[in-house]
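This is the structure I want to talk about, given as structure tokens.
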Amino acid sequence: MTPVSPAPRIPGHRFLHSPGPTRVPDAVVNAMSRQPTDLADPRVPALIAACEAGMKELLRTERADVFFYAANGHGGWEAVIANLVAPGTVVLVPGTGHFSDSWVAQVEAFGGVALRTPYTEGQPVDPAAVEAALRDDREHRITAVFAVHTDTASGTTCDLAAIRRAIDAAAHPALFVADVVASLAAAPFEMDAWGVNVAMGASQKGLMLQPGMAFIAADARAMAAARNNPAPRFYWDWVRRQSELQYRKFCGTPPLAHLAGLEASLALIAAEGLANVHERHARLALAVHAAVEHWGAETGTGGRLRLFTRAPAARSVSVTAIEVPAGVDPEALRTVARERFQVAVAGGLGPLHGRVFRIGHLGDMNEAMLLGCLAGVEAALRVQRVPHRGGGVEAALSTFTDGTPR
Amino acid sequence: MTPVSPAPRIPGHRFLHSPGPTRVPDAVVNAMSRQPTDLADPRVPALIAACEAGMKELLRTERADVFFYAANGHGGWEAVIANLVAPGTVVLVPGTGHFSDSWVAQVEAFGGVALRTPYTEGQPVDPAAVEAALRDDREHRITAVFAVHTDTASGTTCDLAAIRRAIDAAAHPALFVADVVASLAAAPFEMDAWGVNVAMGASQKGLMLQPGMAFIAADARAMAAARNNPAPRFYWDWVRRQSELQYRKFCGTPPLAHLAGLEASLALIAAEGLANVHERHARLALAVHAAVEHWGAETGTGGRLRLFTRAPAARSVSVTAIEVPAGVDPEALRTVARERFQVAVAGGLGPLHGRVFRIGHLGDMNEAMLLGCLAGVEAALRVQRVPHRGGGVEAALSTFTDGTPR
Amino acid sequence: MTPVSPAPRIPGHRFLHSPGPTRVPDAVVNAMSRQPTDLADPRVPALIAACEAGMKELLRTERADVFFYAANGHGGWEAVIANLVAPGTVVLVPGTGHFSDSWVAQVEAFGGVALRTPYTEGQPVDPAAVEAALRDDREHRITAVFAVHTDTASGTTCDLAAIRRAIDAAAHPALFVADVVASLAAAPFEMDAWGVNVAMGASQKGLMLQPGMAFIAADARAMAAARNNPAPRFYWDWVRRQSELQYRKFCGTPPLAHLAGLEASLALIAAEGLANVHERHARLALAVHAAVEHWGAETGTGGRLRLFTRAPAARSVSVTAIEVPAGVDPEALRTVARERFQVAVAGGLGPLHGRVFRIGHLGDMNEAMLLGCLAGVEAALRVQRVPHRGGGVEAALSTFTDGTPR
Amino acid sequence: MTPVSPAPRIPGHRFLHSPGPTRVPDAVVNAMSRQPTDLADPRVPALIAACEAGMKELLRTERADVFFYAANGHGGWEAVIANLVAPGTVVLVPGTGHFSDSWVAQVEAFGGVALRTPYTEGQPVDPAAVEAALRDDREHRITAVFAVHTDTASGTTCDLAAIRRAIDAAAHPALFVADVVASLAAAPFEMDAWGVNVAMGASQKGLMLQPGMAFIAADARAMAAARNNPAPRFYWDWVRRQSELQYRKFCGTPPLAHLAGLEASLALIAAEGLANVHERHARLALAVHAAVEHWGAETGTGGRLRLFTRAPAARSVSVTAIEVPAGVDPEALRTVARERFQVAVAGGLGPLHGRVFRIGHLGDMNEAMLLGCLAGVEAALRVQRVPHRGGGVEAALSTFTDGTPR
């Protein structure tokens, strides 16, 4: 076997501003570094119970069961699909962009029929379209609404409470399934209050863990639907996992390091206070918006940078997609930002590839980290001669210092 | 959210002698603790390429493709089943005990038909029975032989090369699928030389990683079978994953920490030398056998401890199952060993629950660790008044010191 | 600069049974790994205050001040000498073996006059000799008694309370200075109750830290003596360090990582309970004694292994020195134990070099670790053909399992 | 003992911009986290030899011996003093500000006589004054010149080569002793080429280690002077430490974790290339200067921020002292920067307390980290209503992007 060659030395730490994976805090690193135990050690069920309870608190649910999978976010989607979608099952997927499209493709791979509501770039889900689609479905063939809370590709967050109201207004019995991968522990989410039957997410975003674990929370209605679903499944099967037997609960070996990390992560969130976590994410997002709007002010030089999500209320607190002018290569910009200024931002996904770059600002993030990121991005804009008005960092930091005293 | 309460202080380190998860070496802990990067960082494909190449070397294959999943071992099984088994597909599962039974159950959950060869407790797979079953299958309905190399529950290892010869002797076109979860990087395995078409395993055993990653190696025949399989799948789909696009290769976010850990783990194996790794596992296993045989010598007090696997050649180098006399509760023994003497061993699975306990001796293990484990077990035997001849540790250590000089 | 070449791979963890440095627990490793802060960060004085308070609790003193030095144990000695010894100052150093001799040499390097009480190999300090020496000193020229609590070289612990009684019986005003380097957090120590004026120690033994920090606790009488001492000093100066100013308290930059580690270490001791810590050390020491006495039983083959410290009550709970028969090279034995069986034990110091080897059993240690160590030593005895009766491990483990139920 | 109470959660990482301690890179953290070995393990002398060789390369000396102390920087000074200064010994200490004053105080505590050259705020050492002082010393009573390369308090670096030329021009036999605490591995240093007889430094600055280790490099002339010095010493004694015996070399237990960290740190420096390390420090320093000069541009509002060190060539590449206008409290500014914006900068020392704050930019630092720091400082300037021209971050980042292409 070939020895591992050392990577070139990069001094200092890399600024990680992808919308996931996100920085892993020291306490979580330490927890994930604990040596494993034998699976029958009584500390294992105690750890699992703590994670289940903590996730229920975080999801704001008392009635759902929580399942953890060694899997990524697509595995989490597959868990939803495997349990709720048999060949021919119809679901409604409100259009959010790349991630609703991707979820649809995965539904269709299992023989499901995915209806969609129209998607307009830069706009969140239109609850009225959801309501109309459900009203049109007089035979109640639609079994579930699969809604992506924050579309990571566009940086747009939809109003899940409004979608709930749309379902209710249509008096439709469809299950309400929410993908909170990119929003949980960043934006408010109220599983019970919003009547969400299934919530799913993954470890490497607001939960501040390494990638590799997905979770599902499913309430009794969702479990009943799963029990009635004849499609074959084993690993993903909620019914099999709804067990006190650890071996069934995890379909084999639990992802111990991720669970240990989650316990630590939940403790960090609790120590900060969930409302403070949400407020911090909102504060950091506003600073990014200010920087981008400053960069994109009219400069007379042609195209300009702008926020991809037009409606301020729909801008995600987790990630901001920034549209570049025609002729600018956002991938080249990213390379300069990463390799020369140690700031890693994300690119455009799917149809947005080459049109946007994205700044992640979720998870274990603070003001100085964000300002350093913005400075690195601004430096890359200069190097790449992307038209922009200088001073975006100052615009961002002024959002922290102006206004009402804290 | 409730603060995490500290566990009671246990001085020193816990001896982990489960057959998986196993101890994670410092170099792997450090690698798994690295902060994630953005997914487009060029260091990510370099890491993936290193892991793929290293696994191919470890599996001794030049012709198979390797896929990594955020999943546990059952996820790895599901990957095999989802790609090779459609409803009605027939596979032959040679009887190895609990794990062949479990794999059968998972095959059946997908509508597959699993034929079995007989299983005799304490005995490995009988290649003649495999050959006979294949010869009986004149219409070649059997599409694959699913063989567990080491049944972790019984501590029995079968002779995969002999199974290959049995398939060849029957001139049967079935694919040969090997579960090397509990054997890889402990016992020799030769994917290409033994004509194995698919090998699968998981991270938390001989690879010395935290649980949470499974791998598949599939050759061209296996890929062709997968392409011809109409059963719905997405996350597990080899065809989709056989791509240069990272997003497809991992069906979303790669398990970065596990891949970084694997790169480190493979470097440790390379530094020791694979043949030395195998030799060390064999040496440690013999010491365990000596201790158990010493403990189980005729004492005139009724039942005795004995090695569950009767044939010495079939005893796993990874894990040893030890049968207890009637009336002895191995679970109580384990609790004493773990909670009073800091030695965690494993219990019996499935039908062996309450009949055996198991000592894992694979992965990042050395002589002193094993002797400490055996001493802790012997102390627990004394506390629990399990009939045994004292001095098992001495019997074990004498296997290290006697015989030909090293 | 030359790249660092990787050391050969040693599987598993090394058993560290030196009497210091000792194993560093994970919680301490994590604490010592925290990034430093700026020195004016208010978390620094909070950390220092926690360490001072915790050390006072551990030393069982309410009246002494605690000083921490970036230094090793000899630095701690030098702090004592620099503050209490001017040229011509007379101190009484009860004979404990190598470490009392070494302390004397250091006193003399500063022009001090060190009187000694006789030292008999294998015996602890004779309090009567101390009393006699002090009674003889009618002019009270002796300013201090410098007593090593546990002589790490011989594994012998003296009775500090009896020395205190000897000083009182002689009605002598000498300060009582105790070196608790090898005993603190292993054996009971009562600074105030035993009238100890100065206690000194270091980080890498019972405190379970990396080497590099020494501590001093000095009461008002000791501080008065220091103030009256005209000898030049700066770094070690207690008077300068007795300050609320952090910069003076540490004579510059504090050893932040060691302080963070100490806070964690003190928390571990508190979580276990100091009495339990002492009891555990006593229990582990008895097991070592049992093994050595078993190994050394009459075998008819000439010399035998024996415990260097003859009087059971004087045997240290931290470290055991084992005398080898003439003709046995303990250094070769150690090399085999370390390099072949991964068990690192200590050699003989000073006059005991080549006559003894030593097993450390202090700090973050448990039963299984100790039994693994003893097994490795016994394996090395076999390899080296050192005459011994086999079965020492069994003798040791029976001390854990026999007798009164726990 | 009181349980450790958790500190309030601070999200993200703290920006550490003190001039020491500095950020510890992951590779160094991992190395310092290695479990200790027994002191006779052959890996210990190998580690020591690697550190000695690496330090000689870094110091650019082939002829000096290197000694490592468990100590901080003041301990390093004390090592110099203890070996070279007896009561009455005369040394010349060129005035650099707070640190030359402090070194003088320590010399005087040992009875030495310290002559000084005049110090002018904001100016480096005047080599002509050194030459004049030495010429005046016709009887060659001055035994050594003690020069601080970079005065951490003022952020001023003197020209050691010019001081060497001054000594030569005066044809004076004084030893040349350089304090490179704040400059090594940041600014060029040439021990042999510049005729430096003794260099001393500490671990927590350019070497990127935790605080707690000091080093001395001494050549043959320095060793001869030490041998002739009758002053009592033991721990610091170079003559005793100039030994192949590890126990003498470290006067007891070596600071193993720091040595392991140093080996890793030297490997990082080698991987980057020492010239690149110097160039990076220069580049980052220029960016800080640009920001401060931008902030301090004429604003018409009275006082302004300015660089304390007037002569650009004398500005340290490690740390920048920034003078605040009258009426501005730099300590309050620091508190806001640290507690609200997670950017820890340093305050003024000695006479500069309340007049300056300092930004450290040495060690494991990159562009984005520095820009984040400057943004946090600028945010604090806004909050504290310190007069300044906004846009300092942009000024800084433009130094990275303008000018000749890289």
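Assorted remarks:
First chain written, first letter: the chains are A, B, C and D, and each begins at residue 1.
In the analysis below, contacts are C-beta pairs under 8 Å (C-beta built on N, C-alpha and C of every residue); 3 or more make two chains touch, one makes a residue touch a chain.
Model, not experiment: these values are computed from the prediction.
For the pair subunit A and subunit D, chains touching both partners: B, C. To find the repeat of A-D among B-C, C-D or B-D, check which pair has over half of the same contact pairs by residue number; it is B-C. In terms of C-beta pairs in contact, the better-connected of the chain pairs A-C and A-B is A-B. As for how the two copies subunit B and subunit C face one another, over half of their interface residue numbers coincide.
A separation of 53 Å divides the Cα centre of subunit A from that of subunit C. Each chain gets a centre from the mean of its Cα atoms; for subunit B and subunit C, those two points are 45 Å apart. Centroids of subunit A and subunit B (each the mean of its C-alpha atoms) stand 34 Å apart.
Of all residues in subunit D, those touching 2 or more other chains are 13, 23, 33, 271, listed in ascending order. The residues of subunit B lying in touch with subunit D in their complex are 26, 30, 33-34. Those residues of subunit A that touch subunit B in the shared complex are 1-4, 7, 13-14, 16-18, 20-24, 29, 32-33, 35-41, 43, 46, 50, 53-54, 57-58, 70-75, 78, 81, 87, 106, 109-111, 202, 204, 210-214, 232-235, 237, 250-258, 263-264, 266-267, 269-271, 274, 331, 334, 338, 344-347. Residue ranges on subunit B touching subunit C, taken from their complex, read 6, 8-13, 15, 23, 25, 268, 271-272, 277, 280, 340-343, 364-369, 371-376, 378-379, 382-383, 390-391, 393-394, 396-398, 400-402, 406.
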